Amino acid sequence: MDDLYQTVDSVDCSPAMEEQERMVEAILFATAEPLTVSQIGNRMPLGCDPVTALARLVKRYEGRGVRLSRVGNSWAFRTAADLGYLMQTETVVQRRLSRAAVETLAIIAYHQPVTRTEIEEIRGVTVSRGTIDILLELGWIKLGRRRESPGRPVTFVVTPNFLDHFGLSSTRDLPGLKELRETGLLSSEPSPREDAADTGLAPVAADIDQHRMAA
Amino acid sequence: MDDLYQTVDSVDCSPAMEEQERMVEAILFATAEPLTVSQIGNRMPLGCDPVTALARLVKRYEGRGVRLSRVGNSWAFRTAADLGYLMQTETVVQRRLSRAAVETLAIIAYHQPVTRTEIEEIRGVTVSRGTIDILLELGWIKLGRRRESPGRPVTFVVTPNFLDHFGLSSTRDLPGLKELRETGLLSSEPSPREDAADTGLAPVAADIDQHRMAA
Amino acid sequence: MIYLPRTPSANRRTRARAMDSFPLDISEEHAFEDYNDGPATSETFIVDVDGYEGPLDLLLALARKQKVDLRMISVLDLANQYLQFIEHMNRNRIRLAANYLVMAAWLAYLKSRLLLPEKPTDDEIDADELAARLAFQLERLEAMRKCGTRLMASDRLGKDFFSRGCPEVAETRRHVSFTASILDLLQAYARVRTRDDFTPLGCSRNHVLTVKQALEHLRPLFRQALEWGNMLRFMPRSWLANQAHCRSATASTFAAALELAKRGQIEIRQSESFAEIQVRARRS
């Protein structure tokens, strides 16, 4: 731990890293909302290095009752998830989302940016206005860039708020994302079946063949 | 630090002290109000020792950016006193100097050292204390020598700061009335009474002219 | 969740024992109509309130019944089951939303294509490919559904982890910085000096008794004038010596008298044009 207490060169007028760490700690402790690195930096004296200070702070709080979490480009202190049971008084009653809303949210999170039509294709039903509205109202999704395709449809993406709520550092940390990608379930088409035998779909075909023969 | 990682006796069902410390940390972080020891204890599992946990936590946060402080009988995390300045966000509002202030400043620059009465005579209106104060606060004017006349009034002069702000090397570089006219900054018709001999300001103006000639 | 309207017969038993195998969901109100027809039959009308959300959802539920990995699913079996279900609903005069019927028609087509070993024409897509595509859609929907459930079950802010309970409000300090340019400065000075140049335009006030002055002079005097008297008698004495002063004083005194009359403090009278103007204090 001695290295934490390094002192600055006399020529360097910026505060010692140890001191910068304290500053970031104080700034983040004081807010409930995640702050971006530049927001943090703006509140520190000139010449500070919030990124390094943050990295050190993350380490310091590892395993503690409070953790320093990354939320997209921002940072926030959050209590450790395993201690949630102690916070009954603080627990916010979570609004129960309809199945349609949960599915739509998952589709947006895993497929983003995604158009309404694409959501409908995946779900096989039209997306009711209310579903999108609820997600927008919760601040979990927002409009992304318009798709550069005929009609320039709007797209939806998840927000930093979504990441914060679900304790994700980035959308790359979505559970199961890698497997979904590997199995091709995030593409809009079934994976090409060059050799049907080695895809998961082969049995379907084989099965059909059996039926055909039976018929 | 090893003692922190003590494990509980198998007969003792209470969590390890290290764990209790984490609990207190999370509880005090998430709560909106300072909590008393018994309030903290009530939230923890049976058999916990909030007093010891608190004491250890106080120590842990010693010298950090946040401190665990006692508020009456209760406990709360608070920003370390020396970092309070970080909790302020500064917004700089650029405001144009009032007409009265600019005029007063101009008169001081052209006629320095000048008394308040003289400024008023030139402007034809009284100069409010606030106007002078703003200029003093901006560091553009300062008190000069007292005038050796009845009442020994204070005089005002411009500062190096003033010269710096307006990019002047000396007040003598300020264009004279005639030049102002020639450059169109003074749009009025030349007055027949060019020398303004009947105003109390004549000597001052003459003085400046002399300076200018000398330069 | 959509709860069906309650009818007097609680725990309504209607037809469709087969419903046991089709946990029927009412997802959208228009999805299944006329379900209330013929409540006399004794069979249970099971309504799963969790609701199917469209034909794909129903298909997925049916596919799950095959109890195999979705990748191993028999699309043909699935098509059969779906068509059976639709038929069943029709038999019970339960009208289905159009999209269920569209799916039924498509599946019937797919089934025929799968069963008939004829080669597809050029513009037709291979039936196996169609089947694979359907399987893919089901698998994808299932995956998204699982992701949603997993997401909702994950640690969540305000439930499993918490933000700072008493954030300290960052105080915003407004720092006002005044600016002025050299141009402002020069123009200001020019303005001030120009004003100076123009002062001579004002006329000299040395020979004028202002109305204000006249008022101040007259007010105490008039108060004592209980009887009618010539107004000119009340003029300030010092202004009478000089002709110009006297004229100014007369005019101002007259104006002041009118003002006082207007305020109801004095009365004025004049018997005829150019006659003496008389004033007296107003009697209350």
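Note that the chains are named A, B and C in the order they appear, and that numbering of residues resets to 1 at the start of each chain.
Note that a residue touches a chain if its C-beta (ideal position, glycine included) is under 8 Å from a C-beta of that chain, and two chains touch if they have at least 3 such contacts.
Quick caveat, the model's predicted, so the values are computed rather than measured.
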Could you work out how many touching-chain steps separate chain A from chain B at minimum?
1
Centre-most chain, if every chain is reduced to its averaged C-alpha atoms
C
More Cb-Cb contact pairs, comparing B-C against A-C, go to A-C
Cα centroid separation between chain A and chain B, in whole Å?
41
Distance between the CA centroids of chain B and chain C (whole Å) is 37
Chain A and chain C, separation of their C-alpha mean positions in angstrom
29
Taking each residue of chain A in turn, which ones touch at least two of the other chains?
29-30, 43, 77, 79-80, 87, 90
Touching at least 2 other chains, the residues of chain C are 162-165, 168, 170
Show me the residue ranges of chain C that touch chain B in the complex, using the header's touch definition.
162-166, 168-200
In the complex formed with chain B, which residues of chain A make contact?
21-27, 29-30, 42-44, 63-66, 77, 79-80, 83, 86-90
Inside the complex, what are the residues of chain B that reach chain C?
26, 29-33, 76, 79, 87-97, 99, 101-103, 105-107, 109-110, 122-124, 134, 138, 166-168, 174-175, 177, 180-181, 185-188, 191, 193, 196, 199
Chain A partner contacts - residues on chain C that touch it in the complex:
1, 50-51, 53-57, 69, 71-77, 99, 114-115, 117, 127-129, 131-133, 135-137, 139-141, 143-152, 154-165, 167-168, 170
